[in-house]
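Below are structures written as structure tokens.
Two complexes, one shared chain (chain A), two partners (chain B, chain C).
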Partner chain A sequence: MELANKKISGTKIKRNLLPYYYLVPAFLIMGVITFYPLIYQVIISFTNFETKHLLLGLNSPELKFVGLKNYIDIFTGALPVENFNFFRVLEFNFWWALSNVFLHVPAGVLIAVMLNTEGLWLKKLYRALYILPVVVPPIVVATVWRNIFDEQYGAMNQLLTSISILFGHLDPVHLRWLTEYKPPIPGFLPGAPLTLAYYAMMIANFWLGWPLMSVIATGALQSIPKDLYEAAAIDGATGFQQFRNITIPLLTPAMMPAAVYGFTITFNLFGLVFFMTGGGPARSTELLVTFAYNLVRNLRWFGVAAAFAVIIFFVALVVLLITNRITRATQSYSEA
Partner chain B sequence: MSANSQTPKKNLLVRFLTMNTSGQTSGRDLPLWRQLLTQILCLFILFSVMFPIMYIVTLSLSSKTTRPSSLQLIPTEISFVAYKQVLDHPTGNPVSFIQLLRNSVGLSVGVGLVALLVAVTAAYSFSRFNFKMREVLMVLVFIPLLMPGVGLATPLYLLLNQLKVVDCGQGVTALLPWFACDGGLKGRLIFNLRDSLLGVGIAITAGALPFAIWNLKGYLDTIPKELEEAAAIDGADTNQTFWKIILPLAMPQLAVTFFIGFIGNWQEFVTSWLFLSQPKDYTLAMTLYNMTGQYASSIPWNRFAAMAVIVALPVAVVYIFLQKQIVGGLTTGGVKG
Partner chain C sequence: MASVTFQNVEKKFGDLTIIKSLNINVEDKEFLVLVGPSGCGKTTALRLLAGLEEITSGEIKIGERTVNDVAPKDRDIAMVFQSYALYPHLSVYDNMAFGLKLRKTPKEDIKRRVNEAADILGIQELLQRKPRQLSGGQRQRVAVGRAIVREPKVFLFDEPLSNLDAKLRVQMRAEISKLHQRLKTTFIYVTHDQTEAMTMATRIAVINKGNLQQLDTPQNLYDHPNNLFVAGFIGSPAMNFFPSKIVKNGDKIYVDSGDFKVQIPNDLAGPYKGMDGKNVIFGIRPENIHDPEFAPSNIYGEKVTAKVDVTELMGNETLLYLVSGKNVFVGRVDPRSHLRVGHETDVIFDMGKFHIFDATTEEAVR
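Moving on, here comes the complex of A and B:
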């Protein structure tokens, strides 16, 4: 009791400052290594910063402020880079993330539902093994799939060859998965050609993506009370009706955040793209993040790269606002 | 009882969709034909899941240094030659495997620990106190999260690159950019923060800190306030509550956040590949990239496969042990206001 009184009698100012004391270490460090660089980035983005300015940075006598030139160059495609069109990359980036999530979530749910069938043999074994793609680090997945899609020695062409032999075609399959520029389905996505490399990446990322969705769906499935299905069956609902009217609505609250999470991860999926195609062929599979990396790592145009990163920031902000709205909309739906 | 026994015959897809999803056995067996059809589908999925894994494991256990000319998914020989070669002599440079391992472990563990230690008090403050600047500061912490790793790489590269230790000769060293050599001498470069593991660690921490703060705050919010109130009545001040009540309770989540960070940092590539130029600083992830595709015209695929397995193992082990917590931590703990 004595101690408690002591606490209350402590000066008001000291108590008001206490939350800030706890913030000091983090903000001190972030101030130097996170916030200062972010501001520095914005400044740099208005300059022609290149390798020759590395030594002196902003104090460099030849460093010029070029205003919005970097931004204008990026948007108008005036950068001296082959095959670069900002809006095509942006469109492809959105398409890439959307098309992945639209495949992963339904596949994950369907497989989870299938594995939930009562009386299915080896259910536990399947569940344990299907999780393996989640367990392997994506960086390894990306390099392994890069070699699987190798046009000369890759396992995918070899697999297709053995399948086509079964059907009587004896010629070895020789698809140029990662280098063929001609899109297999022309005009599928207006404005951005989807090359064979896109489909190769889709296959690799599908392998990587659906199991996590399946894990989440399994967890949500098991929390659906069985009585609901029994009641529906008594009322004469067919299995399909049960799936549509019980399973789907009750899974939505769990799957929506998962889909949003998947979308944001896929939107900036640097590793898979960089390792498998490097953005090629002819920048057809370039994402915003891989192009930004090319700018800084290979071209060393630091000013342009900084401007590009600032643009990415605003794209990410827009994505966040959209996904937030979607999550909120489904939350109110599930609560209704 | 299952609802499906009365289901009228529909096409195959609908049948799979309509299976009872309650996940409990009611004692009734699945009709054999449906059991078999589902098993075929399950086995097909299993094949697709195992295909790359078996492919790479088989390749890594082969002693053939030529590139694979036909598909092989089941090892016909068990040879550890490739593993031995990778462990003895991982790259073309005179760098030992142990050195690469030490770099990778040091980076991922170091960044994980520092980020956690620094983040936990800030997370506590955001979670438990109501103060004037709370909202503003929380948004401030959120801003860097919008920036993908690539986005922060440029300014950090430029800033860390300016920090150098140079040897001016005659036993004089200088620390740039604050102290230059006398008389405008350029001097001999001894250390450049950008071109070092420490620099890479700093750059990764820059992105890891905000994430750790948000993740931990989300978890601390779930610890009931009653505990602290009880502690306060017993006479504990805020500091004591934090150290004796909150921190021990948060330990499991601290461990999970650490391991999520570890998994991410173990594969870190963007920053290290941009910053580091000396082979002695390379990480395992960078080495693996060097063995892939166009960069690897001279590297046998069995060695690449062995390296892939080695890089994958630590993460796989961590994941298998902490699967539930990690999936839960990513989907529910995550970033929430």
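Moving on, here comes the complex of A and C:
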């Protein structure tokens, strides 16, 4: 009896271990390319690691452990970097992600609904066209938009000029899109000035951002049963009431995760920001990720940059936890 | 409270004519069932009436009003969809209240009407649930409830019971009939289940391929089908048909199927006297075929020799699948019958209850 019991529990343990054997290769690879650098980074975030330490790494004789100094310097703005305030960057970063998503999702949904109209010509062509921005490399996108917002020759100022001529103002418009530091609407976001460059980036990123939302909304729209609209029409709903009472609530389960995804992507949107404004002017459009990159590329402060990356990690963790909450809270209404 | 009229209604989808010149008069407070095989255009007819599809030509009236160009919401109708079409994100209460809210009905009124409907349908305790938390039968009730609270002039039902199991279907059938008696409103009900049609309707419209075949009370449809299609569609098991010839012999008229010959009783033979030699289709319902041992004595019994191919014992009756030459037919006989598979026997046709159809036009001759 006892023997039998032992045998059973023995195979049980073996069976329970089996999944872990399967995971070993993945863990080995992740250990080398993910965990090792991760831990290494946490360690050097407590040091004054600089370019000269690159050769010997942690074995460098002059490498000094400075405790929490890097972290404190970042939070208190004691870094000898111009125009740097961690909390302003953090606030701007959140605002940047949030304001983008708040534009992209409704715009994507609206355009999807319009393109979903029955009997619309060339529907498939539009759907293929509007997905194009998503597949253009960020550096190309950023360069094109930087040229559009060029203050001398940019298309944007030329467009505004020709519009203002229509209204009788003959002077050429000379908005310094990417270099003007004075915010056009002072105090719009308390604590973090929103310069013209922010609006320019919003415009560029709008072009990048809505198509994906539209694709997702189009898919979700097609899964809303037609008879719900018919039932609503008989119940007395006008087209707009159907949109409000049927389309919106039934799109929400699909759009919520999309919005969350859009938020995280935009929150860390390195490519467009770095290549379009480089975080300027005066760091007003700096994101956490672009700033961290600057610390390494321009200043070569590996220790500070590592500390910054650790901070970003925790910020991202908080974002992830919150967004996870949101996605889980919006379950789908599907049957069964 | 309104009559409904289809006048020469035609519906085309592109080049495809789905409904050709439909004429139906539904009287006020009537329970009209539209019945017909799958794809015959029942749902389309209902959707035309609801305003969900535009008619190609003709006229639809609700009461005295022509509604051809009236929006669905202004037709004063309510519809129960086959899929129920409940709003998945709204509670049962809000599903039922939706239409009233849109019409800016006062809150207390909405509450009263929803509660009344919930009482009638026995769904009081479900009001706070979401549709996905309901069984099929409960969803069906909610869909009916959503129609009731609107207090429309006409109720439209599109196969509301087809997603339910057999037992629930029987129960809901009775409940919808009761509802009709209670609400005293016009009901138009689509089904392809002829049992549903027979049990619920005050009148039935049989439709085939977009044409009205016959519009009559259930009993009249059953006893006096106008044509071969109606005869075959109404009744289960279906009526037996035998391609035959009318044969006159002296002053007696016979139906000759080639394999058997039965006499038409003299007092019923009038319409067939001049048809000697004509091709017809002879029809007789299974319950009018008897086991000789148990055949009632007061009928015009005619013997037909046949072989029992299959028997189905149902308890309260026995179905015999019989073969006579090239003809296969069904008899519904007394359950005490001793006839078994393989028996060669005479069965009795009750010639007081036969049907004759013209072989080419398929119209009833009577």
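The criterion applied here is as follows: the second predicted complex is superposed on the first by the 301 of 336 C-alpha atoms of A that agree within 3 Å, B and C clash if a C-alpha of one lies under 4 Å from a C-alpha of the other, contacts with A are read in each partner's own complex, and residues count from 1 in each chain.
What we mean here is this: a residue touches a chain if its C-beta (ideal position, glycine included) is under 8 Å from a C-beta of that chain, and two chains touch if they have at least 3 such contacts.
Given the structure is predicted, the values throughout are model-derived calculations rather than measurements.
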### Most chain A residues touched (candidates chain B, chain C)
B
### Message
Per the contact definition in the header, classify A:D235: touching chain B only (first), chain C only (second), both, or neither.
### Response
second
### Task
Check whether A:N245 is in contact with chain B, with chain C, with both or with neither, and answer first, second, both or neither.
second
### Task
Identify the partner contact of A:V113: answer first if only chain B is touched, second if only chain C is, both if each is, neither if none is.
first
### Message
By the touch definition at the top of the document, which applies to A:L18: first (chain B), second (chain C), both, or neither?
### Response
first
### Message
Just to be sure I read the superposition right, which of the two partners does A:M256 touch: chain B = first, chain C = second, or both, or neither?
### Response
neither
### Message
From the superposed pair, tell me which chain A residues show up as contacts to chain B and also as contacts to chain C.
### Response
225, 230, 232-233, 237
### Query
For chain A, which residues are in contact with chain B within the complex?
1-4, 7, 16, 18-20, 22-23, 25-27, 29-30, 33-38, 40-41, 44, 49, 54-55, 57, 110-111, 113-122, 126, 129-141, 143-148, 150, 152-153, 155, 158-159, 161-162, 207, 211-212, 215-216, 219, 221-222, 224-226, 229-230, 232-233, 237-240, 242-243, 247, 257-258, 261, 268, 270-271, 274-275, 289-290, 292-293, 296-297, 302, 305-306, 309, 312-313, 316-317, 320
### Summary
The answer for chain A against chain C in the complex is residues 225, 227-228, 230-237, 241, 245-246, 249-250, 333-336
## Note on the structure
Contacts from chain B onto chain A in the complex sit at residues 1-4, 6-8, 10, 14-26, 28-30, 35, 38-39, 41-42, 45-46, 48-53, 55-56, 67-71, 118-119, 121-122, 124-126, 128-129, 131, 133-134, 137, 140-141, 143-144, 146-159, 161-162, 177, 202-203, 205-207, 209-210, 213, 232-233, 235-238, 242, 263, 266-267, 269-270, 273-274, 285, 288-289, 291-293, 301, 304, 308, 311-312, 315-316, 319-320, 323, 327, 330-331, 334
### Query
For chain C, which residues are in contact with chain A within the complex?
50-52, 71-73, 77-79, 81, 83, 85, 87-89, 98-99, 102-103, 130-132, 146, 150
